[in-house]
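Have a look at these structures, which come just after this line.
Both of the next two complexes hold chain A, though its partner changes from chain B to chain C.
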Partner chain A sequence: MISQPVKIAPWLDAKQIEQTIKNTRLPQPRKDPWKYTSVKQVLERLDNPFDETNELPAQNGSGVIIGDFGAPKISSLARKHVNQIANNSNNVLASLNLLRAQQGYAIVSSECSDSATPVAQIPASDSCERILIVVQEHANLEIIEHTSGGNRVIECLILPGGQLVHRRIQPVTTHVEYNSLTVNVMENSSYKMMQYSVGARLRRNDIVINIEGEGAKVDVTGGWKLADTSHLDTQLAVNHRAKGATSQQKFHGVVGDSARAIFNGRIYIARNAPKTDAHLQNKNIATSDGAAIFTKPELEIYADDVACSHGATSGQLDEQQIFYLRTRGIPDDRSRELILDGFLAEIVEHEEGARVLGIEPRKVGGR
Partner chain B sequence: MSLLEVSDLHVRVADREILNGVNLEVNPGEIHAIMGPNGSGKSTLTNTIAGQEGYIVENGDLRLNGTNLVELEPEERSYAGLFLAFQYPVEIPGVTNMEFLKTAVDSHRKQRGETALSSVEFIKNMRALVTKLDFNPEFLKRGVNESFSGGEKKRNEILQMLCLDPKVALLDETDSGLDIDALQVVAKGINEFRNSNNAVVLVTHYQRLLNHVVPDYVHVLLNGTIVKSGDASLALDLERNGYAWLEQDNSP
Partner chain C sequence: MSNNIATTPEELISKEYTAGFVTDIETETLPPGLSEEVVREISRKKAEPEWLTEWRLDALRRWEKMEEPTWAHVKFPPIDYQAISYFAAPKGDKPKSLDEVDPELLRTYEKLGIPLHEQKILAGVEEEPSQPRVAVDAVFDSVSITTTFKETLKEHGVVFCSFSEAVQSHPDLVKKYLGSVVPKTDNFYAALNSAVFSDGSFVYVPKGVRCPMELSTYFRINAENTGQFERTLIIADEGSYVSYLEGCTAPMRDENQLHAAVVELIALDDAQIKYSTVQNWYPGDENGVGGIYNFVTKRGTCRGARSHISWTQVETGSAITWKYPSVILRGDDSIGEFYSVALTNNRQQADTGTKMTHIGRNTKSTIISKGISAGHSSNAYRGLVRMNPGARDARNYTQCDSLLIGSECAAHTFPYIESRRQDAIVEHEATTTRVSDDQLFMCRQRGIEPEKAVSMIVNGFCRDVFRELPMEFAVEASKLLEVSLEGAVG
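Moving on to the complex of A and B:
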């Protein structure tokens, strides 16, 4: 008997979740992983009423089912996975999200879809939402997600042989925005994510990718272009917990005015994950004296026979590159623009990503 | 009027005077070679003419087709008709060669009050040029000099030169690090470019390129001044005897 059911997931007991939250240490301000971003502001945003609940995303063609957690063909998956994937014992913010969420829904790919990859949209929302994504065995799915100043927790499971392409578009918002994404990647499945971000008052992206099956492939790229007083904090953790998997992480950022970009990328390779191939790279260019970049790559390896690399740089535009372009008659400001656009184009693969970063779409696929 | 006129040029980099009174006059239709050992000031001369920051003209004059270059920005020197082929061409990742060349050509057209070429028209022109020079057309789709071999980078400089059609092309050690095939392609490009209205200045260590592109004048730069000028046979003398005999004559 549940005394106080969670609104969007009535099989869960809110009292019990509250108790778990009480027993867990809240994130500590000014300490990793909240060293540069105010966790207080994120919590305050959760405590204040969000806007109206948005509509469920429209279903786009066959091969995918979208519905609330009680919907047929979803409810059993929801009961099994909601709040299980996002490791609820430690993720207080995900637990709080569950209690406050005005909306919860699942996107489930059909099993063995032979037809073209179905596409599901996660529309922009400034409410508090909980989303479950399940890619069935050997199924394909593409997700196009827009974020805009809400509190959103996504739990995602890619079953063996499944393939998910996830594009995340983060346009300008004046709100405090929090996104938590946890992806469990099973045997021989693949997860490809692209995240493109521009300014926000405060935007925090927590991304945890758990590789739980042999031979899985993970590819994450991201780009940001920040101006004014924007604040973007991306915390990425890729946990290799199975052997023979590959992961590739590449982020490029341009930071101007008095904007701040924070990136923390961590690769963890467990003892039982030999033959892992994992690489992480973050490059930043600051275009003003007031811009601030805090980037930290981390590598934690407990297995033998792995190929890993990581690196992070932040610097200014290369004067020699500018001079080279100017000697060809390209004016100074246009030269700078061209170099910065090229730097971002290196990580952009889709037109929509190019648009949000404000670079010319014709550059897409330029290299 | 001469195309390029360097008179009594004194140049300082940081607190060191590198050039102390260089004189050079290049007329339409001419090919000049500037030779000299390492540290003689060859690159300082080309960088100064192109307008690189940090190269301070202390004294003297620098004119291109009558226009005083000294106060001009690098892009303005390009509009005036100057081209510098870099000794170490710079990589610009993520910007395709095609996009780079079109931006450069469009900037020049805008300066002349002409409209930008359509992409279709530009691509057609470029394909024709690339074929003429025996370059792989894939070249145009790649990032500017990005992971190009040494030879490819130098060919790319020649391609840009032909694209922008300058009055004076300054080639800084364009022959260094090239194998025989690449050297011939580069030479072919230079011979393709030259006509009775423009001029080429080759800055080089070796006589090698001069077998393929025969200079009208050869100048020897030593300790920041031109110590000897002559015809193509001077390059052969230098190849045989080195620079030592000149250094003895001109010891400070």
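Moving on to the complex of A and C:
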């Protein structure tokens, strides 16, 4: 077999990746994890060529390097980690992304920065992209990511003691969008993610967080406000593979019109991960009868000395809360709006997030 | 149901699966294998009408095209369905009265500890009127041996008999309701059962009747290389009430035996069915050799308005449990409940839970599931709560807790929630913890042995479920937990 280099990562052999894809079972329609979202539509979108390529994101301040996979100070990291962090043996879509990607780049924090946390932006793009993020030991980094109807696979590594804050903003799009994010969190490092989403024709977010080091901290929050016929599918897996780590997951969603919200949150605790503390919560409010909510909080636990919980609810606005506001002279419509805003404000910590979700900024920080 | 329960830790540790003996009795078995001929033969043996034979054959043809489900969180080597014998019965004609029942069989039930007052009844002796009465249908391998209290029940219009008998005596009811809740193609094991089901219980409670006693069926697998495929059908007509109990045991053997039952419950307007199970099939030895594969389909439908179906289960046996007692809430204002304690020890695997499908208005469901894993076992809760678009003001509350004993076991939770209704409220909560050191310390400090302390804590953990069980069963269940947990601490 004659080798053929992958466009964005020439050290990888495209033929070999194609072979892996052929050997891997394609996701089955109407079965987990594609029970409620059409995998066909996502595959079709991947098959359609994207022509647009963007400028590399500009770096904001010092302490961070952004460049393609061949750039100096990046190439050795890229060779080591691209296609290694996302477990491509199971994720066919990530492998396809690698073959089709028109653009690939890395964001690397400099080693141990004492100055203010550097901020890097990942701009919106509807192309097919591959991104590697590396947070060096004891370094800090903040990423602000915008998604917009593209296909993006992010691989992220947080080395010991590193801290990453990741804000993901998902505005309205009429496209089919697929995002895959895999984060490896090493010892005593922390990963904090916030994801704010509004409508899309079809938006699928696959998030896998692997806790590989002792004492790591993971905090993931998310909010969505869906209207019309939008479709949002979030699949989150937090894999505890080291002891003494903590993880918190909290998602609030408001679903109206004929929109569909799908959430699958899985906490996995390996046998070698005792003293784990992991909690997951997903609350949903439906504001119309056409809205559909499908949620599945999963626990898969192989260690005994752990404290884990999850909770999920789905319901409508609390009539008592509305009554309380009405007795204070607030009209019905406004009362409902206020309660929904408050419900979402619980998970919003960021002004841009508040803007996307359409809640008034002054309520930010209600958590 | 068992009368020789251990009361000290020493006894507990030496305690083994007490129901693991084999009854030495001549058995008539069909040769292993599954074919149209086998199905026809089973049907012929039971002198079934033509429509039922065809029904079975249709199920068989469909089963042959189906694939075994692989989604459950259990692992086992492939089952050779041609190596199983699909019919086993004690030799001779069906006894007309208890006097004709083989004494060896009677001894078996005595040994299994079915309460003595029932034995008196079995032997035809008057019982003391103050004692609570339980009517028993005893199913031994593929056939029903006897059903007690038939006459008393008949006075109230209640039909309680073996399934085979019901096919002869109440063909209209059987034809109307068989497969109406669990269609023959519902799933792989239900289709298999529909083709080869041998016996089981049939209950019909007429309009407005409150069944005067608890009904119960005791299932016993005895023969080697066989499976048990019983079928239970319970119909509660308008405004009636029935409480039904089910118990099961099997001998200790190194081979795995298949138990693929189907249970269908139908509750019409204002009717209530309470179905309780204490499942104690042989779980295999500490290395996971032998034991029953318990692949059961249980479903009830609240067909009428204000009807009520409640499942309570205590699962301590079986090498593998694959079981999801469900309720379809079709009638307005109907109620579905599921209370479960599933305990796995050694190498046992359980994937169990429930499905609540809300269709009617103002329907309510409650799910309380307690999973306990010990040894090297794996215990999974899998549930589905579905609110259909017509389920106005429907309500569900789910709580599922797991307790881990030892560092080699596993506990999983897979709850599916599907809501298509704005005013439907679904709440799900789950926790996983181990027996806390504080609790243990407190018990130890008061001089309670570790094993006893753990079993006390476990009993407390399961209290919400046990209080739903009928009295006799609740006692049985909590003792059973002690036995099953033996050797799990230390």
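Miscellaneous remarks
The rule is simple: the second predicted complex is superposed on the first by the 363 of 367 C-alpha atoms of A that agree within 3 Å, B and C clash if a C-alpha of one lies under 4 Å from a C-alpha of the other, contacts with A are read in each partner's own complex, and residues count from 1 in each chain.
As a working rule, contacts are C-beta pairs under 8 Å (C-beta built on N, C-alpha and C of every residue); 3 or more make two chains touch, one makes a residue touch a chain.
Note that the coordinates shown come from a computational prediction; the quantities given were computed from them, not determined experimentally.
Per the definitions stated earlier, placing chain B and chain C onto a shared chain A by superposition produces no clash, and the two fit side by side. Once the two complexes are laid over each other on the shared chain, residue contacts for A:D333 go to neither chain B nor chain C.
Within the superposed three-chain model, A:E55 lies out of touch with both chain B and chain C [touch as defined at top].
Of the two partners chain B and chain C, more residues of chain A are touched by C.
In the superposed pair of complexes, A:L344 makes contact with chain B only, with no contact to chain C.
By the touch criterion stated above, A:Y324 is placed in contact with chain B alone, chain C being left untouched. By the touch criterion defined above, A:D47 reaches neither chain B nor chain C.
For the pair chain B and chain C, the least inter-chain C-alpha distance in the overlaid model is 15 Å.
Contact residues of chain B toward chain A in the complex are 50-53, 73-75, 77-79, 83-84, 86, 89-96, 99-100, 103-104, 107-108, 111, 141-144, 146, 160, 164.
Within the complex formed with chain C, the residues of chain A that make contact are 31-32, 271, 274, 284, 286-289, 291-316. Note for the complex: chain C touches chain A at residues 71, 387, 389, 402, 404-434. Of all residues in chain A, only 318-321, 323-332, 334, 338-339, 341-346, 362-363, 366-367 touch chain B in the complex they form.
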